[in-house]
Amino acid sequence: MSVSVLDHPILAGLLGDREIAAFFSVEAELEAMLDFEAALAGAEAEKSIIPEAAGKAIADAIAGFRPDVEKLAQATARDGVVVPELVRQLRAAVGKPHSGHVHFGATSQDVIDTGFALRIGKALDLLQARIDMLVERLGELDLRDGANPVMAHTRMQAAIEVPASRKISSWREPLLRHRARLSTVRKEIAVLTFGGAAGTLDKLGSTGEQVTARMAKRLGLGIVSHARHSERDGQAELAGWLSLVTGSLGKMGADIALAAQSKIGEIRLKGGGVSSAMPHKVNPVGAEVLVTLARFNATLVSGMHQALVHENERSGAAWTLEWMLLPQMAVATGAALRTAIDLIDNIEFSAKGD
Amino acid sequence: MSVSVLDHPILAGLLGDREIAAFFSVEAELEAMLDFEAALAGAEAEKSIIPEAAGKAIADAIAGFRPDVEKLAQATARDGVVVPELVRQLRAAVGKPHSGHVHFGATSQDVIDTGFALRIGKALDLLQARIDMLVERLGELDLRDGANPVMAHTRMQAAIEVPASRKISSWREPLLRHRARLSTVRKEIAVLTFGGAAGTLDKLGSTGEQVTARMAKRLGLGIVSHARHSERDGQAELAGWLSLVTGSLGKMGADIALAAQSKIGEIRLKGGGVSSAMPHKVNPVGAEVLVTLARFNATLVSGMHQALVHENERSGAAWTLEWMLLPQMAVATGAALRTAIDLIDNIEFSAKGD
Amino acid sequence: MSVSVLDHPILAGLLGDREIAAFFSVEAELEAMLDFEAALAGAEAEKSIIPEAAGKAIADAIAGFRPDVEKLAQATARDGVVVPELVRQLRAAVGKPHSGHVHFGATSQDVIDTGFALRIGKALDLLQARIDMLVERLGELDLRDGANPVMAHTRMQAAIEVPASRKISSWREPLLRHRARLSTVRKEIAVLTFGGAAGTLDKLGSTGEQVTARMAKRLGLGIVSHARHSERDGQAELAGWLSLVTGSLGKMGADIALAAQSKIGEIRLKGGGVSSAMPHKVNPVGAEVLVTLARFNATLVSGMHQALVHENERSGAAWTLEWMLLPQMAVATGAALRTAIDLIDNIEFSAKGD
Amino acid sequence: MSVSVLDHPILAGLLGDREIAAFFSVEAELEAMLDFEAALAGAEAEKSIIPEAAGKAIADAIAGFRPDVEKLAQATARDGVVVPELVRQLRAAVGKPHSGHVHFGATSQDVIDTGFALRIGKALDLLQARIDMLVERLGELDLRDGANPVMAHTRMQAAIEVPASRKISSWREPLLRHRARLSTVRKEIAVLTFGGAAGTLDKLGSTGEQVTARMAKRLGLGIVSHARHSERDGQAELAGWLSLVTGSLGKMGADIALAAQSKIGEIRLKGGGVSSAMPHKVNPVGAEVLVTLARFNATLVSGMHQALVHENERSGAAWTLEWMLLPQMAVATGAALRTAIDLIDNIEFSAKGD
């Protein structure tokens, strides 16, 4: 389907991002959830919470497991979450006598949140690499055009001439700060969630901590003191970071669109968009898209903060809202970085400053 | 792809809506845009703006036309809008000597906005029918359970007992008002957009008004005094209406989730969701989803109001933002109404009030 | 205090509005609440719900009543709403034997919501008058400058020349539509709220409807079928309308700031702002403020839609959120209209189109 | 005035915060701006940018300077910013021959942004102290009631019993993380802004860096590589942090309101609010207010992210939007922490778990 432009066969090339979106495909999602179940069974077998043979049987079953997506969809419409049916199917695949050991001690949110953590971790790697690339390109642009004079504009009026370098650095430096912020953000989101029904790992007794440590190691995720089922600051902080990135790129886009105005001409665009009514025009499409994506994420970040009011030990309402917002924000950020890199490759500051 | 839960093979059954989403499929979108081009050519032929033979040739070509979606995607990534490439493909399909008459006097925004109007008009019909159905079901619930006593709660504390009827009417009456508001909303959105490059129909001279009238008639859309390329109050008002509907349903969902709490038990749920950790629980999934969808639309409506700041004669930035938000809001509203109808069919007020 | 710029001794002249703010002063608020209590006592005395002498005594007491604001503040910090203490003070002022008849059958929300309705009704009158005035000024501007050519810009690039009239009408016509929408908005907000503890007027028995009718008449407010304590679509719709108005003015502001750019010069500003660093600049302050106010209301409207999720018969959380948002939105709208009128009085379209 | 509840004589006691609001009084604001001018003159005198006598004369004048607030308001309504008139008044106070050395090389945004930095730094100290106090109180609550059993609720349904300690730690741990995040936030916001007209300190030549260092030292602010006039990530990050804090407290408030429901009774409230219609009720006012403040900040944070799209070297539109949002967010956060501390002091977990 194509309700969201980020999933749209035509518009996703403009506003979406194939690489980041891949982390939010159903396939990647199911794979990550099964990675959780495999790590759980492996760790529990190591600690003799479940029989070694069960751990082996579950790992084998997962290796060749193809969930029935249609049935997952039907059950999710009823259960509000895919995990109960996924576990049911996985248990059927494992078969007797080990099926009862699947998902032992875990709850749906453990699976979903950890599955998200696994994927967002990789997505953040990619976003980081793009930030680095964009910073580099801006450095090259600065080397080439930085000495050209441009008119500084304050309150939409010409102020005084400055070197283009000044403008370029106002685009680059926030990116360096976002780059630095990322390690903090990652630390709170790329973590294992494992708490069981009410966040207390009640079924694991004294071994909870050790199982958790082993699972985290298997999955390459950070460990936190307990499952943050209802503490969603990591998610909201991630959303804020994504929106900081798109916001800074939106500022760059707005600057470029203004500098490329027909009568201003301080920036020349190569490869802008075509108009259906006026084929001679060169539209600053990429620059405008950066503004759009900035305002999109600036809109959605609000919902992620609303979702902090996550009542009790698990709020279906607040948790589900995150699912509706975070993947879109991540993909929009990927799209903005991709667009920005392409845009910077295709602009030049006029030598005369106008 | 499945970045948005509304397009997600597993989650769309929970949070999306197949019927409303169908209006936002690529197929429906292309069809609606081609309907615009057909109506344009037909009306222009009638008024001899283009040769009658050209009108016929364009209509024939459109009837059998299959756009190359991959090429549309590539061009859109560059142009920021699908129309230039779509027109190019259509012209190729029309062939000489009539190809030059395709899209005469129109601009991309005419095609996109009218295409949206055609589809949202039908989507609103469906939403209206669902509101009517939900109002009816609430009436039936009232007839059956309305006399049962329930505890009114103010500020989360028990206040005094009231008949369930009072609570049911607080769910139903806002729907009746939304129903009444819909005709106003529809009047400003289900309209033809036809303005040409700068909204003045500059290429049509004195015939602009007559061509517009004929096009509107062919398309079954309302006529407005001129193309509202940069006046987006109709879109923002639509977004507001969609969010009013989901907001009222969110209130109903919150009420039901509260009344169905284990220790309150004023409402009993049939067919709630299953938990992966606690199979005995019956989760008020539909009620929670209503809250989620309400908060989702309440979040997105902000972006639609930001998009009112639509600079100049056409803002790529603000216009594109609408594309990112409105279809999702419409589908979320469809999902909320569908969920609400199902939920009301599956609740009963306890006879004793607790 | 001056936490909000709308209350700020220095900034309120720029971003606030003295006349609209007056409706949200403590004095106006207390007066409106006392008007409710007077109308209640009067109507109840007419229908013999309370003794005629009590009605008279209450009216007399209210006429000379000066609430102790400090005590109101202290009690509100505890009670979450001012009404219990206000009623206590009023009862003390009425004295024996009639004090017990004060506020009979009413609840805090009746007083607060009706008090708001009384004031917003007058505020809407003023906003409407300003819209009318702005429409008129735009008409005069059109008469004077409408034939001047201006460059239409699409996607931030020069497109084709159009008469200034086209641009002016894109500013004026949304205002006419907002004007038309206002009567619908007003109908749902300028209403009496009278429902008692749980919205059922339980203490008034069969006379509820008649007392309601008499109160509404005394207060000049509309009657609705029952108190909408938990149905907040009227409030959210009002917020949407306010944001539609500021959004359309924000578009006008953005257009003017762009057209007044140093190198564009299609619009000349009289009386812009002074810069501390560059005294020669003329800044399009009013135009920018319109954009600011548009984005402010576009932000706040989201919270008003979140507040639709108003659980149970009265949600302290959701209701209080309205108090934090709606007055600011109304004042911002007043400020935008005032600023817009002043701005239109101080621009002229260049005769040469550039 | 009292448009905002945060400035409201009656409501600010409930929803505002006297201590944090004090940093946003006009007096504090003017004082901070004059501190900037004094530090500027002092540093410039040290580096012989201005005569030593001028530095002395400016310092002396500032010491006894009382701005004419009414004139400041009038000029601000025209200039969009208070600084030009403030500098004019200050120059008059300094008098000949030194008046021309006032504000040398600086621009309005330097004064405003630095003035804000000075005040928010102190406000953050206070917020931090309150977080510490709240963490401590939660620790005490845990010691006293942590072993009491409470029912964990997932998806609004009773799940399994857990110790109250588990719930309390889900309130406390996010606060510890916010505490840790604060140093990062502070580093980017409690900084000197000094860039001159276009951010290049063009009037200071080679001494810019040294003057900046001396000013920062005098003001106790951090130094950044150049003025971030148009890079607003520090402001948006601050807003995000404020909303993270209120969001986590909103979760706590929601939990407490749910646990204090009449039929749940897992938490008992001392000192709740009084109802005007039902004097026997004890309303969880503080708990609800926490939800309100969370949703308020979650709404406003969106506007701060919109303001990241800060075009060119200074955007009047985007910058002014910050003024409308940030002070309110800071005060709301102060109010939430104050309310939370008071609430925790007034709850107890029922010994029996229900």
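Labels A, B, C and D are assigned to the chains in the order they are written; within every chain, residues are numbered from 1.
By our rule, contacts are C-beta pairs under 8 Å (C-beta built on N, C-alpha and C of every residue); 3 or more make two chains touch, one makes a residue touch a chain.
The structure presented is a predicted model; accordingly, all values stated were derived computationally and were not measured.
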Target chain D, source chain A, minimum contact steps: 1
Chains touching both chain B and chain C, listed by label: A, D
Separation of chain C from chain D, taking each centre as the mean of its C-alpha atoms, in whole Å: 27
Centroid spacing, where centroids are CA-atom means, of chain A and chain C in whole angstrom: 39
Shared interface positions of chain D, touching two or more other chains: 80, 107, 153-156, 159-160, 197, 253-254, 257-258, 273, 275, 277-278, 283-285, 288, 291, 295, 298-299, 302, 306, 315-316
Touching residues on chain B, where the partner in the complex is chain A: 1-16, 21, 24-26, 29, 69, 72-84, 87, 103, 106-108, 111, 196-197, 253-254, 257, 271-279, 283-285, 288-289, 291-292, 295-296, 298-300, 302-303, 306-307, 315-318, 320-321, 323-325, 327-328, 331
Chain C residues within the chain A interface of the complex: 151, 153-160, 257-258, 260-264, 273, 275, 277-278, 281-285, 287-288, 302, 306, 354
Chain C-touching residues of chain B, taken from the complex the two chains share: 80, 107, 152-156, 159-160, 162, 166-167, 169-170, 173-174, 177-178, 181, 184, 188, 197-200, 202, 225-226, 228, 230-233, 236-237, 240, 243-244, 247-248, 250-251, 254-255, 258, 291, 294-295, 297-299, 301-303, 305-306, 308-316
